[in-house]
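Got some structures for you, see below.
In the two assemblies presented below, chain A is common to both, partnered first by chain B and then by chain C.
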Partner chain A sequence: MAVTYEPISTYTVSGSTTTTFTFSSIPATYTDLRLVFNGAVGTASLTVAVRYNADTASNYSLTRLYGSGTSTLSNRTSSLNYIPLTDDILIGGSTTIPSFGIIDIFSYTSANYKSALGTVSNDQNGTGNVQKMVSMWRSTSTITSITVYITSAGSYYFASGATATLYGIKAA
Partner chain B sequence: MANTYTLIASSVLTVATSSVTFSSVPQTFTDLVLKASIGKEDYYNPSFDQYVRAWISVNTNVVSGISGTFMQGNGTAVLSARETETQWWEKGIFTESNSNGANILSSIEAYIPNYAGSGYKLISVDSAQENNTASGDTTRVGAYSGLYSNTVAISDVRLLGTYGNWPVGSSFYLYGIKNS
Partner chain C sequence: MTITNKVSLKSVMSGNTPIADVVDAPTIGAATAGTESATVAYTAATTGGTATSFTAISTPGSVTGTGASPITVSGLTGGTAYTFKVYGTNASGVWSGVQSAASNSVTPAVATSFESIASASGTGASTITFSSIPATYKSLQVRMWLQTNATTGTAFLRANGISSSVYSYHLLNGNGATVTVSGLATQTSAILFNIQDNATSSGNVYIVDIQDYASTTNYKTIRSFGGIDLNGSGNVSIKSALYQQTTAISSLTFDASNTGGGFGGTATIALYGIKG
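Coming up: the complex of A and B.
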């Protein structure tokens, strides 16, 4: 049977000064991509975000379903300049409790805009949240790189041991 | 390239059973994925609530350190709640309504990243059950974020029914994912 789910690359944070890393030269040979992040980001409420092809313009948008542990909400944000991989509302607060995020990016080589489904799993033992989201990048370009970064970097860093893996999924 | 999404073990019930345990999980993968299709339990405790849940535990029902945050929708409303310091993730992972008939299976997918690592362990669970009911509190879709506040590796994963046995044909699959 053909292998249809392959790791393209893994980044593991070492040290305490990493604020960004990039998966570059993504092969255009897959159908979909999956980005899996697992790690802590420090001692404050931070957003771990992604950008495609180093696009820093406001070409991203997001609709989200959010559970805080006591209430739920759904909201949307248009014209973002990133897609959150984990969320800024309650992530962080610990260097030992990791957060988990998945983004499934569909048809990343197509000539249409790129949509993705996201999951944030961020229980922090008494606080935390869980989220589902759909995002879009308004670009017809093939995704060739994905940058993962802390949006308010400068004072905060990925905890050592945080990992992100980019998988490629083939339809055949 | 080697296959990186591998079936570790499976269980398709041939007799009604109240729990399924995947023990001695190999420590050679990066992440685990558990998929289950579960039928209605054969016993319903009316003092509990209408919903029968699948409880998930690790490392033979640890005695503490389990917490979770979840949200769910039942077709008319949404809610979010959490649990702390329990032995297993027991709320918010719904399988089937007491009003379900035969041939209705609920779906669970759980993702456990870095299960063999030295950090605290996470679990992310999607669960859903649908029974073609137009009204009433009988269906669920939910997302669950769980935390095991312990650095020990996860060596077994267990699903438990609430009060009764799952029917023949319920299926459980544990996969391992390698990131290299």
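Coming up: the complex of A and C.
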């Protein structure tokens, strides 16, 4: 059987001035993509998000299940200009407690809109949340780049050591 | 004794045993990357002595493989670029010291435990079945992008073609406004999937994991995570199902006969095996 789950690229944050990084020139040879992020941000309650092909328009949307530890909810956000990768990261502001986010992007080379499944795992020893979400990017373009960035304006940076790895998954 | 060239070597006797001619350098062919391995093609020289074996040697690492063309060189490091040279050895275990030119550079893939088994597209079929699933993995994963051939509907999953009441499942669902839960015992299928109609550019996406599918002693737990977002509507769900049979799962059937027209041509279902 063919080996099909391959790392395409890994980005590891060094220093304390990184606000964004991009996986570019993504090969079109896979069926699906998986982006795995694990890291912290040097301040409280921020969202780490992704954009495809540097599209900053409001072409993204999501539906999610959310558990806070005391309650559950389902909500929806339409016409966003990003997709959350992790959310409410670092409640409390610690730079040593990472938040873990995964996005599975299906059929990223197809001529259809792009659907993705996201999982956020964010426990802060007393606070935090767990999320499952489905998202859509309303574009028929092949995804050739993914930008990971902090959505909040201001001087917010990834903590050193935060990592993101992009994998390619290829069907038979 | 100093051997200065192959002609002098040919005439040398070691006791009563003649030493064979040394082998000239072969002509290098294409190197092809594998998974933590590579194959190296070559053409034997038409001059010099007769080779009884050929060896490919890597740079970096000096990892070797021996055999007929193409030679397989195993034990390479995935993600590292390699070139190779080939040399021949005669019956006396002597080689001329002349290697081929270097091959093209190749980068072997990193070995993983996640392998593709099969995939299928829609084309209007009511059912898609993966049969003869090898029992060599620890678990299975199915990744789906679903669209019908006509109107929105549902599909369901069955194992080993069994449609009797040997399934049950629990569901946690969010529709963007409310969360609902349900659980149903004694079902005739494992998990229901929503399928988007073909009038949009969107599809439902699901990841299904089946643990210990090859067990012959336990029931099989199946989980799925999926949904669809349509920029104003949609749902996301987590499902856990139980296949109440101790026989190994050797086939999986996805049945979209509840939809108008079955699976659309853009629907894709891919089956993967995960080693334990």
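The rule is short, and it goes like this: the second predicted complex is superposed on the first by the 165 of 172 C-alpha atoms of A that agree within 3 Å, B and C clash if a C-alpha of one lies under 4 Å from a C-alpha of the other, contacts with A are read in each partner's own complex, and residues count from 1 in each chain.
Rule of thumb we're sticking to: a residue touches a chain if its C-beta (ideal position, glycine included) is under 8 Å from a C-beta of that chain, and two chains touch if they have at least 3 such contacts.
Given the structure is predicted, the values throughout are model-derived calculations rather than measurements.
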item	value
Chain A as common anchor, with chain B and chain C clashing or fitting	clash
Chain B versus chain C as contact partner of A:168, first or second or both or neither	neither
Touching partner for A:132 - first (chain B), second (chain C), both, neither	both
Contacts of A:115 with chain B and chain C, given as first, second, both or neither	second
First, second, both or neither for A:10, with chain B first and chain C second	first
First, second, both or neither for A:32, with chain B first and chain C second	second
Which of chain B and chain C A:72 touches, first, second, both or neither	both
First (chain B), second (chain C), both or neither touched by A:63	second
Touched partner set for A:102, first chain B, second chain C, both or neither	first
Touched partner set for A:84, first chain B, second chain C, both or neither	neither
Chain B region in steric overlap with chain C, selected from 2-10, 20-28 or 110-118	2-10
On chain A, positions contacted by chain B and by chain C	3-7, 65-66, 72, 119, 132
Chain C - residues contacting chain A, complex	35, 109-112, 114-119, 134, 143, 145, 147, 172-179, 200-205, 207, 225-238, 266, 268, 270-273
Contacting residues of chain B [partner chain A, same complex]	1-5, 30-31, 67-71, 78-82, 84-85, 111, 113-114, 117-120, 122-124, 126, 143-147, 149, 177-180
Residues on chain A engaged by chain B in the complex (per definition of touch)	3-7, 10, 36, 38, 40, 65-72, 96-100, 102, 119-126, 128-132, 161, 163, 165, 167
Contacting residues of chain A [partner chain C, same complex]	1-7, 31-32, 61-66, 72-76, 78-79, 104, 106-107, 110-113, 115-117, 119, 132-136, 138, 140, 169-172
